[in-house]
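The next part holds the structures, each set out as structure tokens.
In the two complexes that follow, subunit A is the common piece, with subunit B as its partner first and subunit C second.
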Partner chain A sequence: MIAKALRGGFSRRMFLKSSAVTALGAALPNMTLAAGETIKIGFLAPLTGPVSAWGKPGLDGCTIWAERVNAEGGIKLEDGEHKIEFVAYDNEYDPAKARTGATKLIREDGVSFVMMLGGDTWPGVQPVADRTGMLFSTLLPSDLSPDTTTLVAPTEVHPIYIVTGVQWLAENRPELKTAVMCAQDDALGLPSVATYLAAFEAAGIEMQDDPLLFDPATTDFAPVVTRLLSSNPDIVCLDTCYSDYVHPICTQLFLQGFKGQIISATADFYDQMIAKTSKEFMEGFIFQFPDFDDPALNAEHINFPDANGFYTEYNKRYPGQWGAVSWEYASIMELWKLAAEKAGSVDPEAVLAAMQEGGKGQHAFGEASWWGEELFGIDHALVGDWPVVMIEDGKARIKAFVSIPDWYDQHGDLLIKYMTKYDQMWSQRS
Partner chain B sequence: MIELLAQTGLNAVYAASYISLVAVGLVLIFGVMGVINFAHGELFMAGAYVVVALYAQRFVPFFIAVAAGLVFVGLLGLLMERALFRPLRDNPLGGLVASIGFLMILQALAVMGFGVRMEYIPPVTQEVIAFSDKVRLPISRLYVIIAAVVMLSLLWYFLKRTRFGWALRASAQDPQAAALQGISVTLTAKIAMFIGAGFAGLAGALTAPLVSVNPYMGHSIIVTAFIVIIVGGVGSLEGAVLASIVYAFVHTFVTTFYDGVIADITGLMLMLIVLIVKPTGLFGSADRA
Partner chain C sequence: MRNIFIWTVIAAILFALPNLLSFSQQEVLVFLTINILVVASYRLLTLTGEWSLGHVVIMGVGAYASAMLTKSSGLYVPLGIVMGGVVAGLTALALSYPLFRMKGFYFLIGSFAAGEIIRLLWKRFREPFGGTKGIKGIDPMPDFSVGFYDFDFFEPTSYFYFSAIVVAICLWILWRIEKSPIGLTFQAVHWQDKLAQASGVNLRAYRTLAFVIASGFAGIAGALLAHYIGTINPNSFDVEVMVFVLTWAIVGGTSTFYGPILGCVVLTILNEVVLRELGLEQTRPLIYGLILILSILFMPNGLESIVQKFTRQKERRSLRPEEAK
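Moving on, here comes the complex of A and B:
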């Protein structure tokens, strides 16, 4: 055949054409599965390094989720049932490593879907997503833009969900009138600052000072806390600080004599915070991530199967490791499974279409809508209710599920105002 | 406002204490051996993990765990001297590169031994000296201040009043002349490494219950220590202590009255100004700079 081609004249144009076709073919992942073949899912997140707390617990949760699904036969596609398996790649929260990992997962491992933490690592991966058409998920919708057509944020609409905690606080503790806030100066902290500012303004709570930004390398939080407490605030807001910051800040608040309300996006390992301070000090602490043994998660509208059993199994296998992301990646998989079964295939385009059919999706905390055009330039964030969690007698308990879209309908202009002020709108991020 | 100033002052004294312990150790190693020890931050981390292993996990009394941290990290220093710096004695750049390699090994060992999570360490005490409602000094922070004053005083006495101390200073000033006087350069290097590393371990161990202990906690302290020794004068112990105090007060007050990011920039500006006005640092000599 080669000889024939050569005899017929293998022109430069033909060479370029055939090279392009070959390159395109190599770039596209193989989306077809043999009957009964195991479906592979990529897990591309930090598994080591300072940000690993938002990767590794999620992989552990996915392992439990996969065992449960496989025990029931697996994913039911048009050609029958398929077991599911996770292929992990540690991107160490490094964009270059994330890019290498994405390429490896798609080309070598043949995954059908890739889950990421997102954030700083997404820009490294986006060219791979564009080239291959692979479906990716992120926990951080600030990665979304009109160009990210194969990226979805189907679980954690960070930081928009934090408005629910402030709204609940304003409705249930109206005597709290003033607040101060601190945050690490990074891609996670700043959109959260903008959102909290909008939420406090919407709730009629006065900010006593500009948000106090600190370097992510900070280890001694005494000066930060001294400054926060200097204006005698009713509320101290810890923004979306990593647990490495939340713990020492709370310890300092305790040691420097603060007796008011604390609100934070997360409170991972809050039992340790109680041990470092006191049960009384932590009483009433508001945050946004429930323990999954909460009775409220047995409600009919919850779309996370046997949440309490999942929590029990997780703690049995990984004692003391339950955190904000332990359930989130598994929750994304639940949504993906429903979509794949609806589509009857693992083809990324078909799965995405099935996932977004009718503009609705089954979020872990109830039915939600695909949303985000105004903030992210694309309706690829799944938004609905989000729980407000309070520490009561040393244990996290869901106090209410509050609607994010309802808040946005009333106060969306405030959110856009502050997102714009902090350069966090999608058009500013580029 | 007076209360705010007083509390900020107390915060700064604490910061100056642990920074000076780390910086003095770094300067001592550089002064005697001529090696920039990039793994010094990880020695600080190793001290913290000794407290995790003994105090948090095996319920050994805190101060025994801290003493163990000093000794263990001091021994790590001896290991570095023997395995890395002695074979590369005439190659300062080689020593620097070797210390970077050792840094990575220590981080990897911490990850393998303890995982990547933040370690929980129970509070040593929750007692606070309350000068007023707004001016409070936690006892756990007072321990760090006292330890720094005591250890730096002992070091000063050792260097100025003992024969070993004189030998150490002689080796730092002119290793060849010291050797001609019968001073063992190897022995002085061992002493310097043990004390320098031990001080970093002590600082890490003492502050462990007050910070987030993780395998990467050495990054920020090594940057601070380098700023401090450049401002103080590379090779000057007095300069390191004074620069630690100046840096801690500037950084703490700027953090409190502006914000932490501006405080970091101010710290770097301080270093730049010193480098422009007095390139050898506040107490540095031209031959060391």
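Moving on, here comes the complex of A and C:
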């Protein structure tokens, strides 16, 4: 070991690992629970500010999930049942506040697991994760790297799932041959652009222009849309735009008379978009996040208990607030619960081992595989089927579940090509 | 002798302070210490009568410079922090040529535009700035021991001691500058510019000097931040953060050296500790905004006016026995 270290030099990764091991005993909070003690779970996401739409609805969903689990007795560990409780910290999508929040949740509140949105905030938290060995989850697998051994992306493998929408479109509407795309020029937009480009090329759909990257501070989308429509495309792709962009872009597409196909990763609050445009205009809009009252979610392979009931309860308590993340954090908790019960403990290392046992996991949309070595440098992303959702008669409906691994087996080289072009491979991240 | 005693007591309180706080409050204390340097350096610029909207971006220049120098060339982190200040000062010097062709409101808008150009450059050039994701894995301050205390810079207590020493030295320099003939000239440039000009003072040179010095210290603050959290990105230095700095300065008041510091301390504690502890996590922006409006309505001269009121009363009381004689 020493000889190997001397031969290979003392790398940063080795330093992090060794310092983590050294510090573990001193820094890791006591994970032993007293009989019947409530298990605390950390929720470290933006609850205020422009990115709060991807935090707050998730916390609301978790609250409902916890009530349902507690009503059934709680989490069943070796020493009996334990109730569950969420402790939230608003990180305002700021890495410094995320670090403070992680410290509070782990060292003061004694949480057993921390859920994050990830993105810009993860690098601020990573030193805390390295030191404490705490298990974290992210919605953005672009946070993953070989160094992030205690971070998992168990629900949303953004942006890889978007290939399913393009594939479905190519199979079901083969007459659509050309596309244009716009995206905000940020950490969320760029990997998504690379993935859509790979998906369009795999589907034989021609890009009429380079993706139009707009500044995240943009508020007037009329010129953006005018430029997009100048080549008269069959498909307009909205990438992974925040809802603050999707809504005005759709309004502009409507006002400027676009009659073609729209595809987007998300369509949060699509009822408001319909109100701003028309039911006819939004008909056929493709995106990737279902409403959980969809009958397709009652299927045998779905691993989200009583999805329809969850949606009804959510809308009763938070009317008009259902969005892409409303179910995702709760779905991560469902996976964590299964793993903790299998491990009989809430110890992060034991839970992670149980979660990844056999290389398979129970994803909300069916059994999935732990994957990601090629793209992220570590198999910590849970990937399986993902739904393709279409707006029909003013309501989001699942049209199909499409396998992401099957697409990747056939077209993985294209994805790597475009991810490399946009500097999104884990080895390219600074 | 009395001053030595007072400063010894303050040093003892600062040494004991992190040990009286929770872990997360210690983290807030580190960021508060760094922000004190940001807002105090901002005040130096305001002495000349100019208000900038690019100060936080300049802070970011220091952060990026120090992060890049330590990461790519292996520069020792404390030297990187100093270099962060130097690069921020030089950037301000370069910007001063176009910016100080303007005054007042035009300078304010010009500084905002200059800051946005710098931020766009960080976003546009993934090499070397990391693009929108910024720079990650920034070298931390290396741990060391001074015999009676082991500095482990992952721990907020250690980093607080380190940053408190750096910030204290910077504040002392800023204070000395303000009380020096240069500082008095800054005031003259603001309040009596025609008279100062008639006396041979080069207004533009003094405005530039204040801008460069203020930017240099903001750069040091940015570098301190970068080496603590280990990551920076263009959004960490956007106009929203600048609004916080302006708010601290306005609520605290800018007529005294301690005014903006007072504003920074009170509002940070309110926003990051009190409102969170009260469980008002999601309504903080609303309450924070309300308190700002109320404080501007009822304390137009800032929090420093309360301190001044008490100190004046004390002065009057101490004068009365003399008058009686």
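Criterion: the second predicted complex is superposed on the first by the 404 of 430 C-alpha atoms of A that agree within 3 Å, B and C clash if a C-alpha of one lies under 4 Å from a C-alpha of the other, contacts with A are read in each partner's own complex, and residues count from 1 in each chain.
Criterion: a residue touches a chain if its C-beta (ideal position, glycine included) is under 8 Å from a C-beta of that chain, and two chains touch if they have at least 3 such contacts.
Everything quoted here is computed from the prediction, not taken from an experiment.
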- Message: Once chain A of both complexes is superposed, is A:His247 in touch with subunit B (first), subunit C (second), both, or neither?
- Response: first
- Figure out whether A:Ala88 sits in contact with subunit B (first) or subunit C (second), or with both, or with neither. second
- Touching A:Leu229 in the superposition: subunit B (first), subunit C (second), both, neither? first
- Query: After lining up the shared chain so the two structures overlap, which partner does A:Gln256 touch, if you call subunit B first and subunit C second: first, second, both or neither?
  - Reply: first
- Item | subunit B versus subunit C as contact partner of A:Thr48, first or second or both or neither | both
- Query: In the superposed arrangement, does A:Ala187 touch subunit B (first), subunit C (second), both or neither?
  - Reply: second
- Query: Can A:Gln272 be said to touch subunit B (first), subunit C (second), both, or neither?
  - Reply: first
- Query: Does subunit B (first) or subunit C (second) touch A:Thr103, or do both, or does neither?
  - Reply: second
- Query: Is A:Lys56 in contact with subunit B, with subunit C, with both, or with neither (first, second, both, neither)?
  - Reply: both
- Overlap of the subunit B and subunit C footprints on subunit A, listed as residue numbers: 47-49, 56, 185, 215
- Task: Going by the contact rule at the top, pick out the subunit A residues touching subunit C in the complex.
- Result: 12, 23, 47-49, 56, 88-90, 93-96, 99-101, 103-104, 107-108, 120, 123-124, 126-127, 131, 185-187, 189-190, 215, 423, 429-430
- Message: Show me the residue ranges of subunit A that touch subunit B in the complex, using the header's touch definition.
- Response: 47-50, 52-53, 56, 185, 212-215, 217-220, 222-224, 226-227, 229-230, 243-245, 247-248, 251, 254-257, 269, 272, 275-278, 321
- Task: Show which residues of subunit C lie in contact with subunit A when the two form their complex.
- Result: 22-24, 27-28, 31, 120, 123, 126, 130-137, 140, 154, 156, 225, 228-231, 233, 235-236, 272, 276, 281-282, 284-285
- Query: In their complex, what parts of subunit B are in touch with subunit A?
  - Reply: 4, 7-8, 11-12, 14-15, 111, 116-118, 120, 122-123, 126, 128, 130, 133-134, 136, 138, 141, 210-212, 214, 216-217, 219-221, 223, 251-253, 255-257, 259-261, 263-264
